[in-house]
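Scrolling down, you'll hit the structures one after another.
Each of the two complexes below includes subunit A, the first together with subunit B, the second together with subunit C.
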Partner chain A sequence: MSALISTRTALALLVLGLLATFPLWGSAYFVGRVFSPALFFGIAALSLVLLAGYGGMVSLAQMTIFGLAGYGYGVLTVTHGQPWWVGILGGLAAATLAAFLFGLVAVRTQGIYFLMITLALGMVVYALANQNRSVFGGHTGILGIRAPELGGHLLTERALFYEVCLVTAVLSYLGVRYLLRTPFGLALQAVRDNPRRLAALGYHVALHRLAAFTLAGFLAAVGGLLGVWYNGAISPTAIDVTRLINVLVIAVIGGLASVEGAFLGALAFILVTNFASSFTERFNTVIGLTFLAIVLFSPEGLSGLAARPVEVLRRWRGRRWRASDTLDVRQAVGRQDE
Partner chain B sequence: MSWNQFVTVTLNGLTLAALYFLVAVGFTLIFGLMRVVNLAHGSLYLFGGYVGWTVADRTGSWILGALAAAAVAAVAGLALQQALLRPIQGQDLREALVTIGVSIVAADLMLAQWGGFTYGFSPPAAISGGARLPVLGIGYPKYRLFILGFALVVGLALWLLLTRTRLGITIRAAIDDRDMVSAVGVNVQRLFALMFAFGAALAGLAGVVGGSALSIASGEDARYLLASLIVVIIGGMGSLAGTAVASLLVALVEQYSLALFPTYAAIVSFLLMVLVLALRPQGLFGRPA
Partner chain C sequence: MVTVQATTAQAIGHALELQGVSRRFGGLRAVQDVSLSLAPGERRAIIGPNGAGKTTLFNVIAGDLRPTSGTIRFYGDDITHLPPHDRVRRGIARTYQTPLVFPRLSVLDNLYLAVRGVRPRRMSLRRPRASDAEMVRARQLAEQVGLGDAIHALAGALAHGQQRQLELGMALAADPKLLLLDEPAAGLSPGERELLAGLLLGLDPGMTILLVEHDMDVAFRVVRQVTVMHEGRVIAEGTPEEISADEVVQQVYLGSRHD
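Presenting the complex of A and B:
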């Protein structure tokens, strides 16, 4: 008689159960200040993992799109006094459109060029937000942004907000996992591995990349809405170069090609920033050094670190585990010198 | 726009272009030769600026400050290349990630050392104050004219170096085909180290030269990194002429749009980049990948 559910599913359900009931037994600080932001930053990192790990496109503009969703929501609800649902739809639409436009510019390039162009795009949007008063509110940005209300409860009440973040994160996670198994997802990974061969097979490489970039942009925008509710305001600092890089740090810490890693990385990142900042002012140095160590020594990040013992064991048995071939970031994110 | 305003804005654009050229030329040559995108290039600029300021402040000599900035940045660049980049040579994306990590740490350590203050330089008397320009009939700071001249000299020297000397010919050959140059017996590793140190020295020197025209403060690293990125994306990677033309284009467009419609100036440089990428993805002077 076969088991009703596999160990894997049981484990996943257990983790999900623990996470769902976390506000009941976890400390208020961890629920509100650690896990909630880890979930929405995790969604932003997930969009990068989808692009970098599975599409071979290391984008540094994901936080810009995240921020633009916040700006969209803020402009519509605060500046124009629209109801929250208009803000949500408008914010998502504006950020996804921006992602589509960025994609149009960037997908023609590859590898290192892609990284540079998305970084430049992100920095240009930051400069625009900083200079422009009429729409972006200049240096101060937009203050007093209110989250939607759900049955008389403001969405930013601690436990409620956490649950909303959790549900959104789980849906995003499952969505990405599903997407990667669809024909489109497989084609995307093939584009990462060998764009020329895919083109020869009749696939439109640039179109696949553009679609992936826009989709990832939508994902980042969803995270961005949660982020702007959490902060209650948005300013150019939310999309400055440090933030753009932070999401890359999160994704690399978690493992650039690991869907779960996006959330693990976000959690690790927030724990380090919160706790390192209580005993040293130089927590950015701590983060930078952690990032460097991971890039240099464990390119698969924390999730790779967890897989290491397994790999060592298999090697010791004399059977070379295939996944060990991808221990190199460059290979994990696609060959660059095609 | 009045005539005087037009001339001033144009001159501002030209001197800014000179500064962009000084910063970006090291960035593009390093990329051309080694395929390393040094995202810590802005940090080297800022580091040079801070060190130069400290030395100039202690010794009272601006020139000593500038030389110290170049030397210290060269050493820092060399250390970065030898210690962190050489072990992972050839993996361009990983190298870029490493330089990002370095820039995070560097920005934080420099903030710890020099704080969030703004530092200003006082260049030698011979190049400070204003000058009345003949023909154009307006007054303009001498120092900014000095930057323009200095960048021209550096550009010309680099062009002579690359086209007329044995070292330059080797470098150009290595940009075209590293493996072949290595196969004919050139020590490519030494060439890489030299180029990295040289590019870093130029960035550090630009820190003092540029910092004297504007100022040095934390955050400038990102600004000059962006300028370098846009200049090399537009000009084409690894091209000296491309860097010069793109510096001019970017700086002039930036200054004119700042004068005409200040709040949308950022959009204009974005559009410039988009336009170039749409027409020539490899940049104006770049070769197809």
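Presenting the complex of A and C:
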């Protein structure tokens, strides 16, 4: 057992070492155009994995929150000429506050209704950003957004930006992994499995959901800041319905209940979009087919595919609770007529 | 109708007191005008045929459902409108007809959550250590309900009987003053029933227990009072012996209904 853990630790360190030195041996294109965006989109997908895979809340508003952090940074630094650190704090605060407010509306609903409400909220913000000129800059959005400078280097210099993304992504990854083992994270997983039961143990389920939604919003906002530095501009296109759904596609491709999967999914998504678009104009079809193949053949996503042998074992062990889940449904239906 | 007053109840006050509690689902009157009182430490079973309203009554007491009318008092406090999580924190714990555990969490995590639920810092962001009071208590509970060897197993991978044991452990984590057990013996093998009866008889005698049960063997060994429900109403109350001999009850169970 301990040998297994140390193998895993060794493997993790190896991967981390390769990633950290990537700008030294990787091509400029892969460092700048593939891995960097994969890392910050991965953070956005991670916020969705936390909500959907571990909290049972499939939110379509994560990219809206991601975008609002960018708008916050842009409005403060460009429109109001504030220094970058004000932009960072303001962008994070605005997006997290938006997540809290979205949460207030959404957390009392479940399943498809939760999905629809978060989609509606995302569309409201999109329409607002598209039509409001005074703050959001209307259809054009906000241009000329400059990333912070670090010791005379602009943070968007290729290798530096990559390393900043990597550090942020690793911290987010470790943070979420840690969170899932805390009382808060355990209760969140219990919310996913059975909210009613959790209430019967003394937990305030709606409050718990709201806290998780706000926290995931903060995570998406962190990704959003990196995103807006990368693009140097933000416009309503960044938060349109396609983007909102893309992050769900990323999370599902990676594995909805997998913390690593968020980044794997983002990498796969960016590779497919970049390469398919150089072969064919119909790269959306390619993404659609990839998505379909993954949902059909590996419902636990790429991370499930990578861990196939482990997965088979787990599935065999998990068969029992799946059977009892079906029973629960029957029982719940049966309970109605008592 | 047989009525037996718990004479000590007047002196100490009731642990649980229901006055004229009703619950309707549209046109269906699932529970009608039920009044019930339990003295502290009393052990009582609610029995009755399917559809008698036992589980609905249970859900009303636990707070999963609000009564359409009537009041519920717990040690004198009106709890009629309290949400379920507040009732647990006051000391009302329950189990369900089908064991409800968190299948993708381990036995220990299930119990730990249950312990944490009734204590402060439920939303703590500090990772628990094995030496934490709550973790120690969770392990004790696992031992108490006979799952000491299975603490790292996923709850969803446990056999049905073990899930019942786990659920009981989760209910006991609240150190409840009132324990509500919804058909605790359902689906258990004779051996497991024996284990369950032993577990229940071994609980703190000060703990008030109200249970719904079809299985008379287990129920009548554990309780001293029985309430019989039929079509949403209480039709008889008494000791197990009195109930076994009651004519109305026999009619209900052996059939004079025209279905």
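The working rule: the second predicted complex is superposed on the first by the 301 of 338 C-alpha atoms of A that agree within 3 Å, B and C clash if a C-alpha of one lies under 4 Å from a C-alpha of the other, contacts with A are read in each partner's own complex, and residues count from 1 in each chain.
In this section, contacts are C-beta pairs under 8 Å (C-beta built on N, C-alpha and C of every residue); 3 or more make two chains touch, one makes a residue touch a chain.
Just so we're clear, the structure is a prediction, and the values are computed from it rather than from any experiment.
**Q** Scan A:Gly288 for contacts with subunit B and subunit C and give back first, second, both or neither.
**A** First partner only.
**Q** Taking the superposition on A as described, I'd like to know which of subunit B and subunit C A:Leu198 touches: first, second, both or neither.
**A** Only subunit C; A:Leu198 stays clear of subunit B.
**Q** For subunit A, which side has the bigger count of touched residues, subunit B or subunit C?
**A** Answer, by number of touched residues of subunit A: B.
**Q** In the superposed arrangement, does A:Pro183 touch subunit B (first), subunit C (second), both or neither?
**A** Touch partner of A:Pro183: subunit C, not subunit B.
**Q** After the superposition on A, what does A:Gln82 contact: first (subunit B), second (subunit C), both or neither?
**A** Once the two structures are laid over each other on A, A:Gln82 reaches no partner at all.
**Q** In the overlay, answer first, second, both or neither for which of subunit B and subunit C A:Leu296 touches.
**A** A:Leu296 contacts subunit B only, not subunit C.
**Q** Applying the touch criterion given at the start, work out whether A:Ile117 contacts subunit B, subunit C, both or neither, answering first, second, both or neither.
**A** The first partner, subunit B, only.
**Q** Which partner does A:Thr237 reach: the first (subunit B), the second (subunit C), both, or neither?
**A** In the superposition, A:Thr237 touches no partner, neither subunit B nor subunit C.
**Q** Given the touch rule stated above, what does A:Ala211 touch, subunit B (first), subunit C (second), both, or neither?
**A** Second partner only.
**Q** Across the two complexes, what residues of subunit A are contacted by subunit B and by subunit C?
**A** Touching subunit B and subunit C on subunit A: residues 328, 336-337.
**Q** How about subunit A: which of its residues touch subunit B in the complex?
**A** Going by the criterion above, the answer is residues 58, 105, 108-113, 115-117, 119-121, 123-125, 127-128, 130-134, 240-242, 245, 248-249, 252, 281-282, 284-285, 287-289, 291-292, 295-296, 299, 328-330, 333, 336-337.
**Q** Which positions of subunit A touch subunit C when the two form their complex?
**A** 178-179, 181-184, 186-187, 189-190, 192-194, 196-205, 208, 211, 317-318, 320-322, 324-325, 327-328, 331, 335-338
**Q** Of all residues in subunit B, which touch subunit A in the complex?
**A** 35, 37, 39, 84, 87-88, 91-94, 96-98, 100-105, 107-109, 112, 222, 225-226, 229-230, 232-233, 262-267, 269-270, 273-274, 277-278, 281, 289
**Q** Sort out for me which residues of subunit C touch subunit A in the complex.
**A** 25, 30, 50-51, 53-56, 62, 64, 83-85, 88-89, 93-94, 96-105, 109, 112-114, 116-118, 121-128, 154-160, 163, 170, 173-174
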